[in-house]
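In the two assemblies presented below, subunit A is common to both, partnered first by subunit B and then by subunit C.
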Partner chain A sequence: MATVVTAQIAEEDATQGGVLVREQVGLWRDGLRRLRRNKLALAGAFYLIFIVLVALVAFAWTPYKPSAQNVCPVEFAYADGISAAHPFGCDPLGRDILSQMMQGAQISLIVGVGTSLIVCVVGISVGLLAGFSRGVLDAVISTVINAFYGVPYLLLSLVLYLVLGPGLLTIMIAISATSWMDMARLVRGQALSIREREFVEAARASGTRQGRILFTHIFPNALGPIIVQATFIIPVAILTEAFLSFLGVGIRPPLFSWGAIASGSNTGGTPLNLLQSAPWIVLFPSAALSVTLLAFNFFGDGLRDAFDPRQKR
Partner chain B sequence: MLTRGTLIYIGQRLLLIAFTVLAVSFAVFAALHSLPGNPFVNEKLHGAELAAQMHLYGLDLPIPIQYWNWLKGAIHGDFGVSLAILNEPISPIVFREFSVSLMLGGAALLITLGLGTVLGVIAAARQNTWVDYTLTTFAVIGYSVPSFVLASVFILVFGVWLFNVTHGAFYYPLNWTGTYGTIEELSIPAIALGLYTSGQVTRITRAAMLDVIQQDYIRTARAKGLRQRIVILRHAFRNALIPVVSIAGPLIITIIVGSVVIENLFGIPGLGKEFVESILRHDYNIAIAVFTLYAALIGVANLLVDIAYAAIDPRIRY
Partner chain C sequence: MAVDAAAVRPGATPQPAEPLLRVAHVTKHFRAGVSGVVHAVEDVSFDIKPGETVGLVGESGSGKSTLGRVITQLVPATSGQVIFDGVDLTTLRGERLRQQRRHLQMIFQDPFASLDPRMTVGDIIAEPLVNFGLHDHKEKDRKVQELLRVVGLNPYFNNRYPHEFSGGQRQRIGVARALALNPKLIVCDEPISALDVSIQAQIINLLEDLQREFNLTYLFIAHDLSVVRHISDRVMVMYLGKIVEISPSEDLYESQEHPYTKALLSAIPVPDPKIESQRRLVELSGEIPSPLFPPSGCNFHTRCPIARVPGICADEDPQLQEKSPGRFAKCHFSDEVRTKV
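Here is the complex of A and B:
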């Protein structure tokens, strides 16, 4: 009896020991494991994968050409929305809403990811520059950042977009111009704190050049928060594009975005008219947009908890 | 409270606001004047007539000089005349619309702060129960659903569906009748605008409450035998408000931006609607006046928030 018990205890010790002294894992595997435990984040990730697939499919195939008119009879367009041939209905010019929405998924993802990339490039370089150099340059950059915070971002993007002219690249630039500050401020703060750490001091003491310290010591150690921040830019950019398009000054035909479809501006109408005559044309793209933003927020929260555990919500 | 340091700080901030407003107004001025097209498209003017009209409004001068002329008036509160509605002075229009937007935005801010803090406190007081999980999930949903989507749903429910169900006896009127609007007309837009940001406030309040509840003085209050309600409301909530105040600045900007979309959706004659319309009809003077007003408003609001921040948290000194 006694030997059995001790054997059990020994076995439990062994398993517990296995848990306590787990194998060494790097930042990425550790984060991925934490991410996998978060159900909402996983659900968000799966929905996003679905949207990415839809966007990819839309490059090759949509039920109809999104801008093709009269694919359903014009008199049919508003009277009765939904049919097997046009599950999401048609707009007054007889264009298929489902096809437009598949393209909308493309536009949202391109604008979201593209803006995030531009913001990363601008924000990281400005932030590293300010945090690493300190002094006058830091003061100037910080003042500019603060000045940008005092601007109604949507309206500045709107003006900039009108000046730059319509297009996917210009809308990304217009949105980036008003959303790079968070990234720059974050990177600056990280650079300021990391440059005082012992390993940077050690690198400096051993005669490492400034540039090398910046790119091989400071930048990699700030990567966790940067990635998290980059994912949070994506929904902001998607939302801003939807706002602009909903106001009728964003993406225009022959390209279709969710915000533009919901606004009715594609056919020269107003959202209020559309809501009274064909509410489903507003509701379907609105729902797609909202769930996408929700998925990004759940996934982004999960990422933050997994890869940036020091940061408090 | 008003030490010399504080006054210097406020002075610096006012300088930064002035700098921002100047920079922003010049940028927008230059940007709008570089747009293709001119304000007189509808009058179908050509050649010499167009040139004469442009000269009359000073639009043929170099942009820095035009800006200087504009600035001289703007400092006295005179934003010039409308280019689309002939010789209509802008300042009265803009200030009237400003009051409409202020009512809408103010109501939305109250809804956001009220709802957000109450839900946040409830979630924190019931931490890790189903109440908490439901409220925090709703908070994320709340700030994921854009305000114009929420407003569209409200229009459908209160404007269209309710009208059909009650046969027109009780519903939300979709067409804005007066210049200023009644409480009834403002209610639905304000709720749509306020709900969107209340999710953020809920999250921040909840996190702050959870932080505060762990502090020693809360344990002391509980050890004294105070009831849970008193501990939460009188001891914890006051200090949990500090982080909430700190996000009030960004919150105000979000509400202003949201109000632009909401006003256009509901047809509310406020600054946001005017801004979009004036840009589209090349009425530069109005668009610039509205933008400058927004920038000044945000600057002053941020300064007031920071002063309030120092006033409620004695640990903060500027």
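Here is the complex of A and C:
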């Protein structure tokens, strides 16, 4: 008990004879390591990288101009459909489906990521404000959040469509307006629980200002769940966009989105008779949509598992 | 560091009469549910002189940690005064309170919970410095490395993360953070109870060394009298929100003025098996009562071996009185503690 051990401890880590500056092995790297071991998440990530590349390429080059008509003979498009020149076939107006779908990848990613960003900005700000201030402000914000859950998203989308007119931004606003609440709730809960943790108390005891506590302690510690939630919003937004476009209140020509292509709304046909006469017009965009959603979900699941501190593999 | 400490605080100036910390009639009630009130701290008063180490012991739920948090103003007092360095902290808010925190730091119980897992050790230790205006990176690094050296850690650990350290090392980081501002008083809230016994001794010794080097004053909270004995000049024993005995620590282990203190001491095993087998244990019956419904009169009467129930002990709450010079106890029958318990 009486021995002074102060000096010994310094040597504990085999640092004699030199400066030991070890590289940082942070929690992020730890999470990435676990993510890499998750095969499904990895497959999802690779597929998403592929889609991103396709979308980027589509800015510079598509096999044909997506809205150019009669790039293949009209009668040929219906009779034989798929050919080497048009691997995903053509629509009744003689437009190339593959070119349209490459543009559709752009639209899906822009809507997905854009919506997720809007949701993050709104949800995180509102959630932090509610969770950190508590009291009356928290009660008011929570009530507003609950009220928004009551808004039917299809109705809101239609109203915004009428008010703002068709367009990418309208769709992103409509989807954000109906999906920011989950993020806000998550962040509020995180803020409420993290602000009671002992390291926040320690920060207060050492004279840390409120704002600094919020941004250097509470927000970074909530980041893991926030990223996971943001990842899960992307497929929801993509699906909602496809659905709205399918209904004809989303993306309109000359832009093409997967939902719009599959609906045949650009062709004058209905999905049902398209499915009989030219199934590729419905099937290829739907398949692309499904696989992309799946990839995002696998990747999101992987992220969630990787950042779950209870899971040490 | 040592130079800084001497410059900031004229430790040599003799003002023994003036307490560094005066806690006067502090009460802390927490609301529980609709109408319940937890009487966590009940009318507590004491002084701490500069350079002194005062131990505060009591079992779980006795309110000792709450008292520590009230003193550091992490939770506001329900009533009473916390006069630190001549200023009543309970009247301060916002920036003025923040400025006082510079001189009043805290070491926390759980070294795994009290360090932000997303910050490097360097950032954690530098945070108090940044809070009070040190922004120069080189100077910050120099200070952090000096503090790491002072607490016996490798100064080049500064860009590692807390999860890379053991419990004892983490507690040293917590100590370094508390030292960063050259505080006058450090409230140590059970700084060693989460550590292995072998590591406990290291941290205790570190705290003692630092006290000598930087002329620190400690309020040392623990639930273990044997640990407190080692480090404290005076010991306060707390039971159910009230201080039941204050005594110089060497006297306290010789004789006790309050039956609860006697029971606590008797719970410490003696390393000699012969003495251990022959010594008389004071066993308390039952659990500590709920602070939601503290007993009437002396709140210890439900477990006290010499209580007069029914009688004065159940009816009248005794005051904390000076029974002999420097020794205070809150008991109607402290004369009997020596003989009858």
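A few comments on the model shown:
Definition applied: the second predicted complex is superposed on the first by the 279 of 313 C-alpha atoms of A that agree within 3 Å, B and C clash if a C-alpha of one lies under 4 Å from a C-alpha of the other, contacts with A are read in each partner's own complex, and residues count from 1 in each chain.
The rule is simple: a contact is a pair of C-beta atoms (placed from the backbone, for glycine too) under 8 Å apart; a residue touches a chain by one contact, two chains touch by 3 or more.
Worth saying up front: this structure is predicted, and the values here are computed from it rather than measured.
Of the two partner chains, subunit C is the only one that A:A202 touches; subunit B does not reach it. Look at A:D301: by the touch rule set out above, it reaches subunit B but stays clear of subunit C. Judged by the touch definition given at the top, the superposed model places A:N221 against subunit C, while subunit B stays out of reach.
Contacts of A:L35 after superposition: neither subunit B nor subunit C is touched. When the shared chain is aligned, subunit B comes close enough to touch A:L154, but subunit C does not.
Of the two partner chains placed around the shared chain by superposition, neither subunit B nor subunit C is touched by A:V52.
In the superposition on chain A, A:V282 makes contact with subunit B only, not with subunit C. Judged by the touch definition given at the top, the superposed model places A:V249 against subunit B, while subunit C stays out of reach. After overlaying the two complexes on the shared chain, residue contacts for A:L168 are found with neither subunit B nor subunit C.
No residue of subunit A contacts both subunit B in one complex and subunit C in the other. The part of subunit C that touches subunit A in the complex is made up of residues 72, 74, 98-99, 101-102, 105-106, 108-110, 113-120, 127-128, 131-132, 149, 151-154, 156-157, 159-161, 163-164, 168-169, 172, 174, 177-178, 180-181, 201-202, 204-206, 209, 230. On the side of subunit A, the complex with subunit B involves touching residues 40, 143, 146-147, 149-156, 158-160, 162-163, 235, 239, 242-243, 246-249, 262, 271-272, 275-276, 279, 282-283, 286-287, 289-290, 293-294, 296-298, 301, 312-313.
Subunit B contributes residues 16-17, 19-20, 23-24, 28, 31-32, 34-35, 137, 140-141, 143-146, 148-149, 152-153, 155-156, 159-160, 174, 203, 207, 249-250, 253, 256-257, 260-261, 264-267, 275-276, 279-280, 287, 291, 294-295, 298-299, 302 to its touches with subunit A in the complex.
Within the complex formed with subunit C, the residues of subunit A that make contact are 1-10, 12-13, 15, 19-22, 24-27, 197-199, 201-209, 212, 216-217, 220-221, 223.
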